[in-house]
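Each of the next two complexes has chain A plus one other chain: chain B in the first, chain C in the second.
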Partner chain A sequence: MSTGNMNLTLKVWRQKNNNAKGALVDYKLADISPDMSFLEMFDVLNEQLINKGEEPVVFDHDCREGICGMCSMFINGRPHGPKDLVTTCQLHMRSFKDGDTIVVEPWRAAAFPVVKDLTVDRSAFDRVIAAGGFISVNTGNAQDANNLPIPKMQADAAFEAAACIGCGACVATCKNASAMLFVSAKISQLALLPQGQPERYRRVQSMVAQMDAEGFGNCTNTGACEAECPKGISLENIARMNRDFASAKFISEETV
Partner chain B sequence: MSDINSNIPEGELTSKWTKYKSSVPLVNPSNKRTIEVIIVGSGLAGASAAATLAEMGYKVKCFCFQDSPRRAHSIAAQGGINAAKNYQNDGDSVYRLFYDTIKGGDYRAREANVHRLAEVSANIIDQCVAQGVPLAREYGGLLDNRSFGGTQVQRTFYAAGQTGQQLLLGAYSALERQIGMGKVEMYTRHEMLEVVKVDGKARGIIARNLITGEIERHFGHAVVLGTGGYGNVFYLSTNAMGSNVTAAWKAHKQGAYFANPCYTQIHPTCIPVSGDHQSKLTLMSESLRNDGRIWVPKKKDDNRKASEIPEDERDYYLERRYPAFGNLVPRDVASRAAKERCDAGYGVGASKLAVYLDFKANTERYGKIEASKAGNHNPDKETCMRLGTAVIKEKYGNLFDMYAQITGENPYETPMRIYPAVHYTMGGLWVDYNLMTSVPGLYCTGEANFSDHGANRLGASALMQGLADGYFVLPYTIGAYLSKEISVKAIPTDHPAFVEAEERAVGILNTLINIKGTKSVDHFHKRLGHIMWEKCGMARNEKGLNEAIQEIRALRAEFWSDVRVPGTADELNTELEKAGRVADFIELGELMCIDALNRNESCGGHFREEYQTEEGEALRDDENYAYVAAWEFKEGVNFELHKEELKFENIKVAQRSYK
Partner chain C sequence: MSGFGNAFSSSIGKKFIMGITGLFLILFLIVHCGINALIFINDGGLTFNVGAHFMATNWIIRAGEIVLFIGLLAHIFQALRLTLENQKARPVKYAVNDGKANSKWYSRSMGLLGTLLLIFLVVHLKDFWVVSRFTGIPTVDASGHEDLYAVMKEKFQDPVRVVVYILAMFSLCYHLLHGFASAFQTLGWNHSKYNGIIKGAGVWYSVIISILFAAMPIAVYFGLIQ
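The block that comes next holds the complex of A and B.
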C-alpha cells in the first residue's frame, strides 16, 4: 500500500445528510508517503474504512489537477489547506509533518449547505452566473475573430479574472460568507472586454441581485478571499464591480 | 465490405457539408417548442449543443454528474484548439487541416467527417471570441497561435495552459444563459443509468439523482450523449476521477455499436507515476514540446544528474529519428519512442521510466531575443537565462507550477521528467455522418463518439471536435431526424419501456449493494487497469491480448461475487457510483482487447508488436483493415463485428512519415 512513514491523526467532519447533526471524528493513519496528494491520503483512509466495514468519507473531487474547482476541504482552518495558490487536490503531504493532527471540515456558509460529510451544495454560484454572467450571443452570429483587436494588456487582465475555478474558497474563508470575489471576477472578465460592453451595467445589477438573493454576505474589505484564492484572483475585481454597480445606477437606462 | 451505412452525402468532398446544410429538412419554430431533447454531459460537446439547441427553440434537458456543468472534464484541457484560420500566413487552409488530421489519424478516419470538422473550425474561434473567451493575443491586439504536434503550421489558438477551461466556461456561460431563461432544465449531480427505447427509437433516459438516490424517468424526442472518453478503464489516466463509460456503455447494450475501442491515445508528456498510492496522472501540455527538447543520456543506466550530463552525451532521440518534425511528431510516435528508450535501459529518474523534457536551450534563445529588444546585443548567459525564464513563465507558468507542486522539483532549474500516460480515447460509439448512433434518435458527440480522429488524435483537436459537434454540426443534423418527429407527442413516463428500463437500472444497483463481498471497488478497478496497461496499452501482441481477455473475464466473475459496496442505494453513495462505472469498464476492457486482437495491423495508437517496420514504426495493412470496426453487443457479454469500409478518394494513403 502506501510507502511512506508519516503517522497522522485526522479529525474529519462526518454528517450523514443535510438534516443530520454532524461531528468531528478521529482517525489514525500510518505509513503515509510525503509524495501523496491530500486527496490520495483520503483515498487511503477510505480504503481502510471500507475494509473495516464502515462508510467512507464523502468528499467532492474530480480532475485532481487543480482546475475543475470541485475539491473543497477546509483544512486546519484554511480552505485548501496551508499552502498558497493551490487547491486541495494539488496539496501534497510533504506540506505536513509526521505526527501532525489535521482538522478537515466542509466549506461553511449559509448559501453552501452541507450535503454529506465534506460535500456542500454550491449551486448558488451557477444561479449567479445564469443571472447575467455571459454575453448574449447566439451560435452562428459571430464576426471574424480578428475583426475585433483587443489590446494585449486588456486581454491578459480579462484572462486573469477568468481564471477563477468557482471552488468557493473565497466564500468559505470570508467571515461574512461573501461571494464578492467570485462574482466580481466574472463581471470583471466581461467588463474588461469590448464584447462585454453592451450588457455591462445590466449584468452587474442582475448578478449582484442574485448574489444577495442567495444569502451571501457583504464585503467588508478584509481581503481573506484574495489571500486564500487558489488562483490568485485579485481584490481589484471587487473594486471594479463596486464601481460598475454604482455607475449602473446613473449610466444604465434599464434598472434590473 | 461495409454492412453499415454511414449516410455520407453524395458529391464533391469540399461541397458536401455546404450542400447538406442548405438542404437538410428544417423544423419550424412552433414545432421546436414542443420537441424535447435530452443531452447527457455538459462538457464542450454537451454544453455547446445544449445551449445552441435551446437558442434554436428546442426544449432541452441537460444532465451532468458533477455539482455544476462548469466542472466537466473538458475544463482540464491545457494546450489549445486548432482552427484553419491561416492568421499566421504560413500556408494553412481547410484542406491542410483536413489532410493533417487524416494523416495524423493514420488513415483510419472518415474523410467526409474530417473535412467538415476542418470547415467549421474557423467558426468556433469566432464564436468563442464573441462570447468573451479570453484567448491569447499579440501586442497588435490580434489572436496569437502556437505549434502543436503533427503539423508544420501554427494553427493552435490558446489561453495560457488553460484553453479547455476558458472554452468550457464560454460554453457554460451560454448554457447558463439558457437555463436562466428557462429554456434548458439543468440536472446536476445526476447520472444516466439507462437509455429508454420505444419502438426501436431512443425516447428518454433513466437517471439517478446522486444526492437522494432517487431514480428518475425523463422523456426526450431524441437523446444526445456527450459523455466523454473511457480512458479510466486503465485506472491511471489523465482523465478526471469521475470520467466514465457508463452512459455510452448502457447505450451500447441497447444497440448502439461501439467503434474502434482499441484506439487509445497514450500522451507522451505526463508526470511519471510516483508510487502505489497514485490515483491519477497529470498531463504536461503538448504545447511544451514547442519549447522543450526531449532527451535521454547516451549511456545506459546513467545515474548522473541531468545538469552533470554534457551536451554531447545526450541523445535527443526525436530530433535524431525524425529530423523533419523533431520534438513535434504526433503523440503516438513520441510515446512509442519514449517507451523504446526506457525499455532499452536509457530511462531516467528513480523508476527509470521517464525521459527529460528540457527547456534550457529555448530559455536561452528567448533570453537573447529579449536582451536584443532591450538593446543588449551581446548578453551573458546569466542575463539570457533570467530574461528567457520570464518568457517561459508567461507562456507556461501554470504548467510549471503544477509540475513543481506534484513532484517537489523546480522545472525552471532542472529538466522535467516525463513519461507517456493514457490520455484520450479515439474509439467510442459509432455514429453516421449525422452523429447518430445505430439506435435511431440516439446521438453521440465529442470524445464519446469515434468519428474524427482515426487511430490517433492530433493535439488541440479534441476541443475543436467537441465544439464543432455541439455548436455547428449536431444542431443541423439533428433537424433531419426531428423534422420527422413533429407529430410525436411527449410519451408519458409510465410507458412500459420506461418501467422496464428503470427495473434494469434498479436491478443493477440492488445487486451491487447486496453482494456484500470483501474487496473495495478501487481494488477491482486497479487490477483491471493493470491488465489493460500491461496487455492492451502502448504495445500489444496476440498472446498478451488472449491472456488479458481470460483475466478480465475472471475479474468480472470475481467482481460480481466479491465487491463490497457500503451504505444504501437511497442516499449519496460514492462507492455505489464507482461500482456501477467499474462494472461497465470491466466489460469494455474485454471488448477493447477483442478489438485489438481482431486488428492484425498497427496504426496510430494501436501498436501490435507483430506488425512493425524494420525501424519500429507502425505497419498498417490497408488491404485488410481499412475499416471501422463497429461492435454490436450480444446477450451475455458477447460482441459481433460489423465493418464500415473507409474510402479515401481525396487523399493518397501512404506510409505515415515524419522523417
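The block that comes next holds the complex of A and C.
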C-alpha cells in the first residue's frame, strides 16, 4: 500500500446556512494516501481545519459502505465523482492524479436547499415516499412467502428498482433537476409485485403529484440519471411510471 | 382530483403532450419529405407539381394543415413552459458540470435546436407556404398545374438560402435523433423486445429525412436536376 504521495488542491463550496451566500474556497492538501476514500480525505481536511481553529466542512455521510445513500458530493461536475456505480464513500483517491484540482459542490436543486456547505436537505424525497411509496396491509401473522408466486424476471426487476438508496444523484446530475428516476424506482419496486397491485394506480398519481409539488424539474430523457446512478437504476422504470400514470389517468375507473 | 384530474398539467402529462405532438410532427415530415422528393424524378417538377396541387386543394389535407399548426404550436408552447419550469428547478448552477460524461450534447440541447428550427421555419414558411397559399404561384407548368417547382428553383439560386437550409437540416437531424426515441420513452412505450427497433428506426429516420431535405436545395443550386 502506497501512502502519502498525493498533493491536491480542493475547491470546496462553503456556505454558512441556507440564506447565506456561498462560495468556492481553495484548500491545499499534502501527503494524501491514494488508498483513502474521498470522505477520509475530507476527514483529513477537517482535522487540519479544526487544528487551525477554522470551521470544518459540513458534509453528509453515514454507513461509508455505499448502501445508506447519505453521501452526496458533486465532484468535478459529476455526482459521486468520476467512477460509475459507486457512491462518494466508495470513491478512492487513486481515481485522481497527484497535483489535481478537485471541485466539490453540493447537490443543486430548488427542491434540495443547502443546509450548510455540502449538506442539502433531501426531505423532499421523504415526502414523495410518504405520499404513496408503501403498501397497506392488515397486521397479523405473516403468510408463507411462497403463497404468492412471482415470476423470476418480475422479482428481479423489482429488486433492481429497490436497490435505489435515495441519494439524489439523479436529481443532482439532471439538467432539469428532475426526480423521475428516484420516484419511478420507488413506484416500480411495488408496481412489479403482487402486494403493490391494490394501490398501484392511486400510488403513481399521488407520488407524481408530490414530486411536482416539491419543485423538481421535468424529465427530458437525457439519460444522465441512469448513467450517474450509483445503483444502476434503469430508465425502464421511468417508462413504467409514465405508462402507469397514463393507465391511471385514462384507463382506470378509480378517481383519486 | 376527479375524472382526468391533472392528467395534462402534471409533469408527466406535459411530457405526454410533447411526445404526442412530436410523433405527429414526425409523421408529418414523412409526408412532406415524400412529396418533395418527387423532384428527384427529374421530370422538370411535373410530378412534384401534381403532388403540391393535391396538397393545396384537397379539403382533408387543408383540414389536416390546421391540426398540424395546432400540433406545432402546442409543441413549441409546451417546450417553452417546460424549459422555464426546468430552469426554476435549479436556481443556482454548478461551477463545474461535466454533462458530456453522462449524456449526449443534443439531448441536452433540444431547446436550442428547437429554437434554431423555429427561426428556420419562419424563413421556410415565408419562402414557400406564403407564396403557395397567399401571394400566389406566378407560373404554370406544361401540364397546366401551378409551378411550385419553378418557385423552388428560383429560391435556391441564392447560396445564402441554400446554406441556411442545410444548417437547419443539421439542427433537424440532431433534434430528431433525440426526439424520436425520447417520445416513445415518455409515452411509456418501452419494451425490451422493441427498444432496439425504436432506437434504430429513430437513427435511420433522422438521418434519411435530413439528408433528403438537404439534398433538395443542393440539387437545385448545382443544377443536378432539371
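Criterion: the second predicted complex is superposed on the first by the 249 of 256 C-alpha atoms of A that agree within 3 Å, B and C clash if a C-alpha of one lies under 4 Å from a C-alpha of the other, contacts with A are read in each partner's own complex, and residues count from 1 in each chain.
We take it that a residue touches a chain if its C-beta (ideal position, glycine included) is under 8 Å from a C-beta of that chain, and two chains touch if they have at least 3 such contacts.
Being a predicted model, the structure only gives us computed values, none of them experimental.
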First (chain B), second (chain C), both or neither touched by A:N146: first
Check whether A:A111 is in contact with chain B, with chain C, with both or with neither, and answer first, second, both or neither. second
Touching A:L24, do we find chain B (first), chain C (second), both, or neither? second
Touched chain A residues, chain B compared with chain C: B
Within their complex, chain B touches chain A through residues 48, 51-52, 55, 66-71, 73, 75-76, 85, 87, 123, 125-143, 159-160, 162, 164-166, 169, 172-174, 176-177, 179-180, 186, 188, 211, 240-242, 274-280, 282-283, 401-402, 405-406, 408, 471-472, 475, 520, 522, 564, 566-567, 571-572, 574-575
Chain B partner, complex, touching residues on chain A are 1-3, 16-17, 33, 35-37, 39-40, 43-44, 47, 49-51, 53-56, 58, 60-70, 85-86, 90, 92, 94, 115-116, 119, 121-123, 125-126, 129-146, 148-152, 155-156, 158-159, 162-163, 165-166, 189-190, 193, 195-196
Spell out the residues on chain A that touch chain C in their complex, using ranges where they run on. 11, 13, 24, 74, 76-78, 82, 103, 105, 108-111, 173, 175-178, 180, 205, 208-209, 211-212, 215-224, 227-228, 235-236, 238-246, 249-250, 255-256
Flag every residue of chain C that touches chain A in the complex, lowest number first. 1-7, 10-16, 82, 85-86, 88-99, 101-104, 107-108, 110, 178, 181-182, 185-190, 192
